[in-house]
Every structure is written in structure tokens, then in C-alpha cells.
Amino acid sequence: MFGTLFQSSAVVSTALSVATLAMFATAALAMLGLTWTSERWRVPLALSGVALLASGLEYYAASNIWLAGQQLSAALRYVAWFVVQPMQVASMFFFASIAGKVPVGVFWRTLAAAILMVLARYLGDARIFNPTLGVLLSIAFWLYILGELYFGAMADAISKSTRPIRLGYFWIRLIMTIGWAIYPILHFVDVVIGTGHVAPIIVLYTIADLVNLIAVSMIVLAVAGEERF
Amino acid sequence: MFGTLFQSSAVVSTALSVATLAMFATAALAMLGLTWTSERWRVPLALSGVALLASGLEYYAASNIWLAGQQLSAALRYVAWFVVQPMQVASMFFFASIAGKVPVGVFWRTLAAAILMVLARYLGDARIFNPTLGVLLSIAFWLYILGELYFGAMADAISKSTRPIRLGYFWIRLIMTIGWAIYPILHFVDVVIGTGHVAPIIVLYTIADLVNLIAVSMIVLAVAGEERF
Amino acid sequence: MFGTLFQSSAVVSTALSVATLAMFATAALAMLGLTWTSERWRVPLALSGVALLASGLEYYAASNIWLAGQQLSAALRYVAWFVVQPMQVASMFFFASIAGKVPVGVFWRTLAAAILMVLARYLGDARIFNPTLGVLLSIAFWLYILGELYFGAMADAISKSTRPIRLGYFWIRLIMTIGWAIYPILHFVDVVIGTGHVAPIIVLYTIADLVNLIAVSMIVLAVAGEERF
Amino acid sequence: MFGTLFQSSAVVSTALSVATLAMFATAALAMLGLTWTSERWRVPLALSGVALLASGLEYYAASNIWLAGQQLSAALRYVAWFVVQPMQVASMFFFASIAGKVPVGVFWRTLAAAILMVLARYLGDARIFNPTLGVLLSIAFWLYILGELYFGAMADAISKSTRPIRLGYFWIRLIMTIGWAIYPILHFVDVVIGTGHVAPIIVLYTIADLVNLIAVSMIVLAVAGEERF
Amino acid sequence: MFGTLFQSSAVVSTALSVATLAMFATAALAMLGLTWTSERWRVPLALSGVALLASGLEYYAASNIWLAGQQLSAALRYVAWFVVQPMQVASMFFFASIAGKVPVGVFWRTLAAAILMVLARYLGDARIFNPTLGVLLSIAFWLYILGELYFGAMADAISKSTRPIRLGYFWIRLIMTIGWAIYPILHFVDVVIGTGHVAPIIVLYTIADLVNLIAVSMIVLAVAGEERF
């Protein structure tokens, strides 16, 4: 939004603008939430709020670029992935660490996997690297993160915790499994099949980002709110 | 506002600019209010403040678009509805939850109804869906929200509460009944009768938004202020 | 400032830019003041700070419009009046309410009078309404507000209060009498005599706004500072 | 920075951009400092932080204007002086008031002198007033402020205070003597000798502003930090 | 980012945009961190957060300049160095001061060295000074800072401290040794060998800034978090 007129049928513009406003609004909510949740929840809550802020800035840029030329490049999407993914993964580590001791090595390994997951594919896309190898490595790094979330020390710490924490972890992990699966699928259609960044692809990416990022942040806020007393 | 000169008779510009400034100012007020109200009021207060922030950003965009071309599309209005409506409804759930236990199912049902109310009509307007069916579904979802507010668990929780809380709930519910009725009426004139987004329609939408959003937020702030001690 | 070069003799530019910077700076000061004043002063202090923020945004717009075309319309001034006036009047109600119980009816009546004072004249200026009747109604609403400030329940509550509160009220009321009298006078010269928005008129309006808004806010901050202990 | 490319030799651009970034950064630092210093230091600290914010906005404007036309007018500098000078002087009054009782008359007299010091010269520069008289009055008002700082009630209050407060006052007063002397000297070269706002003059003004404003603010922050316990 | 479309292969754009978003996001994180860490950690944490904010603003400018003309000048990089370097060095002094008493002379000497390290080379680059002498002086000042970090009073204070503080200091010092060594090397290739600010040079500078600045800030945040109890 913000700058030019768009027709009611311009579904892409509407989707990008809704994402911009909704992400800024929920980022503000998560940050204001720091004032009413207990101190031990602040790290995962701040991380998920800051991820929404970064993503909102990306969608604000995307809205303006779309309005200027009815076109978007995949590069912008990578920019947000590079910034948002490490924060989402770190947020999970600190979430689990509230429930119980998680070795710090888990933090470094999942953080590295999150960065490499995006980097491998990016170098492939930029032809600095073999594209097929890139996509395979990306999937491997994603599966590694899921492995840690399902069978690693974080799952152990959570299993001994309170019901709200277990429930919150269950839902965030589900988002990182099902919600994130949309990205490689869309990326396959967009880049490998080669439809390019056409309107339906952009709208689907945007809905995925909206749901995934806002849900993670609001789940952390809700669990922190329940665990206040 | 902010960018070009407008004549005193340019009532639309004035209305859009007043809405922008008033919404940013009351959003700031609601957020500053978090520092003097008790902790249990922070969720509904933050939600209503954040809704004003999002709506203020929309009016800032609308002001600039109007100044550039003396035209506005309905799409921009949908953008704000998609973001603001769920927050208003969620704000009511958390308001009622302060008075007494409200089942969490109410939260999910009214949130879904608020999103679907806007989505049904949007898909109709964008011709992705039958427009008449869209408007009928929209009205049904709105009536469902009103049903929850008048006869559901939220009303029950409120009825056993203090006078300021009961009064505040009464007024917000009235706004969501009478104040919100303006939207389908204007939408009928604008899209179904087909006057389009002419000046008087825009001014009336703007006054409705100004009154509805600011009133809800200031009522929450006032009740929270009274309940402080 | 902000965008283009202006000569030392461009007194209008300097006045608009000084107002922009001074209002943003004192708005920040009033908001930071919320951290060192006691809780009961926060409502009037936040209201006066938020009024400065809104007015600073208006002057920022005015600076840019002036630099672009060496012209300003009265409409922009109305935009700020619509937003700032109700906040100033509400700030007085909450100021007096700290000193003693003031019936809530006073709040609604002075708020309505502040909005109608600006609206009556605006509708006249926009030729939606008889201009002479508009100006007479405006003056009547202003006198009504002054009546409440001098002889109403707010004055009663204040009279039984501490010296800093009485002194602060005395000065703010004087500003709303003498400081505000400048607006109808300038408006008479500008619109009725018909000089238009010429340079000396703009500079005088700007100095009036600077002094009136900043003084009210800093008086509230000073009284709140004295009453801290 | 901020908008266009500049060559490594463009020393003016670099100076203006460094001033912009450094002032925003230290303004943020002073404001964050409000969270770790004791309550009684908040007024002078907030004032000096807010002065840095206003000055940073001025340098942001100046950077853009310079990049657009390799020219700056003295008017912009006056804009900042009008806003910053009263805040610096008020900051000293509140600093001294922490050490001991200072009559409120000192506040009003030094504030008036700070405004008149800039106004006298400004009216001269804008040819509304005799330029020579303007500069003489300016110097007289500056000397008056220095008189208050060296021999007035503020110096008395400070002399009975702790070592960090005495040291801080000593350094800020030195800045207002030696650091401020640069302004009339540069102004003499720029306007009276008539070199105009050439590159070396701008760079020297910028370094003076950088050092003077940041030093005052960081001294207040440092003294407040030492006096915390 | 923010303004124009870029191709997936435009690695420079992606790097600059990732740096912008990541720095704003981690600056927000460091500042939010002030709400959950103990008071004594606030000075180094605020300093490192504010350095990220300043650097993020620089990268935001750099992104826009690159998009406008596929070119960047070294001057922009100096702007950030002038602002960021003194803050990084001051942050180390306050970090070490938490562990034990460090003479204030160390603060002034390392601060001066950090400014002179950048200034010496800058004056050489701008041909105000002999370029070879400039680079040699720069290296001498950097080595002096390293000397203080390895063998000075800061290292002594740290050596008697807790494990998290010693570990944090170890890593930040390593960054200031190895991470900073990249700057003179790249500067040698860029300016002395004379490749100019070509794409690989910019990407490497950007990665160095990203890693160095974010790492220092997150280490301070992590140590402050561990030392909370």
C-alpha cells in the first residue's frame, strides 16, 4: 500500500498491504507484550516480535515495488528469509530453554542450519553454486532443524513442562513442519517449474508468511501470558 | 495529507488528514496508557491501540493517494478491515475475560467470523466469488458476532462484573451494532447501487472509522483507568 | 528545513521549521516525563504530549508544502484544530480532576464545545453553512469553554487544591483566554477581511501555536514534577 | 549519506552525515539512559537528549539539502539554534537544581536570554533590525548567561555539592564558554566578513555542534550514572 | 532494498538489504534487552545497540544509493566508521568496568585512538594528509587499542571475573582482532591496489560489518542475560 491507487481486483496489492499492516501491528503487540509478561519469557517474545518487524519492513518494500511495476523478484523474499529464519529458530531454542536446560550446542547447530538452508538455495539461484545441489542441501538443513525439534534436547526439555508450554511448543513445531513446507513447494513451482513470481504465487507466499510469522509470535505471547502467575 | 496544498473546500482531504492525525494521536495515547493502567487491562488496551496505529497508517496512505489523484479505491478500505476487524473482536474477548472466565472457543469463533465477514465480501467484490452470496455471508458473520456479544459467554461474564466494566461493555457492543451498521449501508450505496467511492461516501466512511475506532479504544482506556485501584 | 534550501530572509520557512522541531522535541519531553512523574498526572501529561506530536506532524507537512509552492491553505490549520482542540480541553478536565471530583458531564460538554467551535466555522468556510452564523457559533462555543474554566466545577475543584496546581491552572486558563483569542482575530483578518494566508499571518499563527501548545504541556509537566512527592 | 552518492573528497557531506548519525545515536543513548539513572537526574538528561534529537533532524535535513545542491543557507542553522539553545540552558538550570535550591527566576532569565541571543541576531540577518545592534545584543545576552553560570545562584548551589556534580558543571560551563565562542567567530567570518556558507565554515560549525551537543549530553549522563547509588 | 526491483543475481543488493534489516532487528533486540537485564549491564548493551542502529541507517542509505546507480563510494563507509568505532571501543571499556575498576584514562585513550584510527586514514584518502602516513598511523592506533585489550587494565579487571564475563570478553576481543583485520585488508585492495568499490569488495565489507557488529552486541546481551541472577 502506501503510495498509489489500486483496483479492487488487485489482489496482490491487497495481500501485500494487509501483510505490511498486520505484521507491523503484531510486532507492536509482541513488543508491548514485554510489559505484561514475566521476565523469563522476554527473549523468545522479543525475538518473534523483532522478526515480525523485519518482515513488515520487507512487505512495505514489496508493496511499493509492486505498485511501481506490477513485478516482484525472488531476491526480496530471500532477504527476509536470511533475517527471519535465524530469529525464528533462535526463538524456539529460548522457548524450550524456559522449560528446562537445553545444551547451547543445539542453539549453534540450529542457527547454522537455518542460515545454511537459505544460503545453499540462494547460491544456487544466483548461479554461484549448483542449483540442484543447493535445493537438496536446503531440504537437508530443514529436515535437520525438524529433527532437533522432534527428537532433540528441546523436545526433551518441553516434555517435562507445564501444559501451556507443551501446547505452545506443539503448535509452533507444527507450523515449522507444515507451514514451512509451503516454501519449498512454492519455490519449486516458481523457480524449478519456472512460472516465475506470478500473482497467485506471490499471494500464496504472502498468506504463508502472514500465518506462519504471526502465529508463532502470538503463540509465544499467549503462553507467556498464561505462565505469568 | 502531507505533501500538497489543498483548498479549504477540499472536505475529503481534511477528513482523511484529520483521521490520520487523530488515529496516530489516540494510538499513542492508548500505548502510553499501558504505563498507568493495571496489568490485567493491558491485552485489550494494547490491541485497541495497535488497531488505531494500523488504521492511521491506512489513512496516511489514503491521504497521499487522494492528493495525487482525487480518487480512492475500495481496496484500501478492505486492507484496513482485514487487519482492524480481527483486532477489535479479539479486544472484546480479552475485555470480557477480565470480568470472568470466557471459553477460548469464543475467541476462535469470533476471530474467524471477523475474518470471514470481510473475506466473503472481498472475494465477491474481486469477482472470485458470487457477489450476492458474499454480501449475505458477510451479514451472517456479523450477526453471529453480535449474537456472541449479546447472548454468549462474554455477556454472561460481564453481567457479574463491576459497574465501569458493564458500562464499557455496553457502549462498545452498541458501537459494534449501530456504528458498524454504517459499513454495509455505505458499501451497498457505493458498490451495489454503484455510486462508486464519491466524496460524500468517503467522508462518511472516514467519520465512521474515526468515531468507531477511537471510541472503542478510549472506552477501554477509561474503564482500565477506573479499575486501577 | 527538510527538503530544500531557503534564504535567511525566508522568515516563514524558519518559523514553520522551528515549530516542527520544537513541537517534536517538547512532545518527546512530555512523553519522557511520564517516567518521572507520579501516576495520577499521566493522563493530562500524555494528552498534552500527544497534542504536540499531532501538531508537530502538521507543521512538518506545512513546512514541506510551503517549500514546494510558497503557499499554505487554511484547511491544514483546521486539520490541526480538529485534532488538537479536543485534546487540550480534555487535558484541562483531567488536570482539574486530580485536584478534586469534577462531574463527567463537564468532560462531555467541553469536549463537544471544542469540536463544535472548530466545526461551525469550518462548515462556514467550506460554504456548507452560513459563514457569519458559523463564526458566531464558534465564538459562543469558545466562550462556553471559558465559562466552564472560570465559573464551573473545574474551577471549584482547583480552588481547594495545592499552590502548584492552582498556579498551573491559572496559567493554562490564561493561555486559553488570551493565547486563544489570537486565532479568531487572525482568522478575521485572513478570511473575513480577506488578506489570505499571507506571510505575516502564517508567522503569527505559528508563534501562537508554538507558545500556546508548548506552554500548556510544559506547565502540566512542571506541576506534575512539583507534585511528585 | 541518505540519498545520493558522494565522492571520498566530499568532506562536507561526510561531516554532515557523521553529525546526523552521531546525534541520533547519542540522543538514543541519553534516552535509554533514563532507564538506569535515578529519577532526580531525568529532567536535565531528557532535555539534553531531546536537544540532540532536534539537532539530528536538522543535520538530516542539511545533508539532503547539501546533496541536492552543494549549498546550505544560514537559516537552517538558526532553526536549530532557536530550538537547541533554550534546551541547553534549561538543562543547566535543572542540573544545578539537583545540587541545591536555585531560584526559579534564574530559569526564566537564562531561558529568555538564550532565545533573545538568537532572535536579536536573526532579526538583524533578516534585515528586520539593525544588524550591528543585533550582533551586539546577541553577545550581551550570551555574556549574561555566562555571568549566571559563573557568579549566579547556579554556581552557588553547585559549589556545595559532590565531586562528580562539581566536575560535570565545570566542564559543561567550559563548553558554554569556549565551545560556544566558536559560533560568533564563525558567524563573523561567514556573514560580516562575508565568505558565505563555504565548505570550511560548514565543516567547522558541524564539528562545533558535534562536540558541544554530544559532550553536554554525555557529561549529564556520566554524572547521573555516578550519582546513581 | 526498499524502493526498486532487483534481480536474484544482484548479490550486492541482497547483501546490503540483509544488513539493513538484520541491523535494525538486532538493534531493537539489544534495546528491548535493556528491560530484562540487570541495571549494571545497561551501558555496554545500550552502546552496542545504538551502534547497530547507526550502522543500520548507513546500510539503508547504501541500499538506496546502490539501487539508484549501482555504485557506492568509500565515503559512506567512513561515515559509519567514525560513528560506530568510538561506540564499540567505549562499549568494551564499560563491559570491563563491570568486572572491576578500570582507570578512566583507559576510556579516553582508547576512544581517542578509535577516532584517530579512522581520521588518519580519512585525511589521507581525502588528500588533506599524506596517504601512506595515514594508513601507518591508522594501523598504529588499531594496534594500540588491541594492546589495551590484551595487556591493559581492562584485561586485568576481566581476569578476576566470572566465567561468562571472561568468555564474552575473550570473544569480543577476538572479533576486534581478527574481524577488524578484514577492514585494512579490504581497504588495501580497494584503495591502494585500486580495484575501487567493486561488487565483491562491497559484499565482503558488508558481511564483515554484519558479523562484527551483531556478534559484539549479541555477546553483550548474552553475558548480561547470564549475569542476571
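A, B, C, D and E label the chains in the order they appear, each numbered from 1.
The working rule: contacts are C-beta pairs under 8 Å (C-beta built on N, C-alpha and C of every residue); 3 or more make two chains touch, one makes a residue touch a chain.
Protein names from UniProt, one per chain: A, B, C, D, E = Bacteriorhodopsin-like.
Just so it is clear, the model here is predicted, and its values are computed rather than measured.
Common neighbours of chain A and chain D under the contact definition above: E. In this entry, chain A maps onto chain E through a rotation of 70 degrees when their C-alpha atoms are superposed, rounded to the nearest 5.
Averaging C-alpha coordinates per chain places the centre of chain A 28 Å away from that of chain B. If each chain is reduced to the centroid of its CA atoms, chain B and chain E end up 45 Å from each other. Residue positions of chain D in touch with at least two other chains are not found. Chain-to-chain contact here is organised cyclically: the chains close a single ring, every chain touching exactly two others. Traced around the ring of touching chains, beginning at chain B and stepping first to chain C, the chains run B, C, D, E, A. On chain C, the positions that touch chain D within their shared complex are 1-11, 13-14, 17-18, 21-22, 24-26, 28-29, 32-33, 35-36, 225.
If you check the complex, the residues on chain D that touch chain C are 31, 34, 39, 42-43, 46-47, 49-51, 53-54, 57-58, 61-62, 64-65, 68-69, 71-76, 78-80, 82-83, 87, 122, 125-128.
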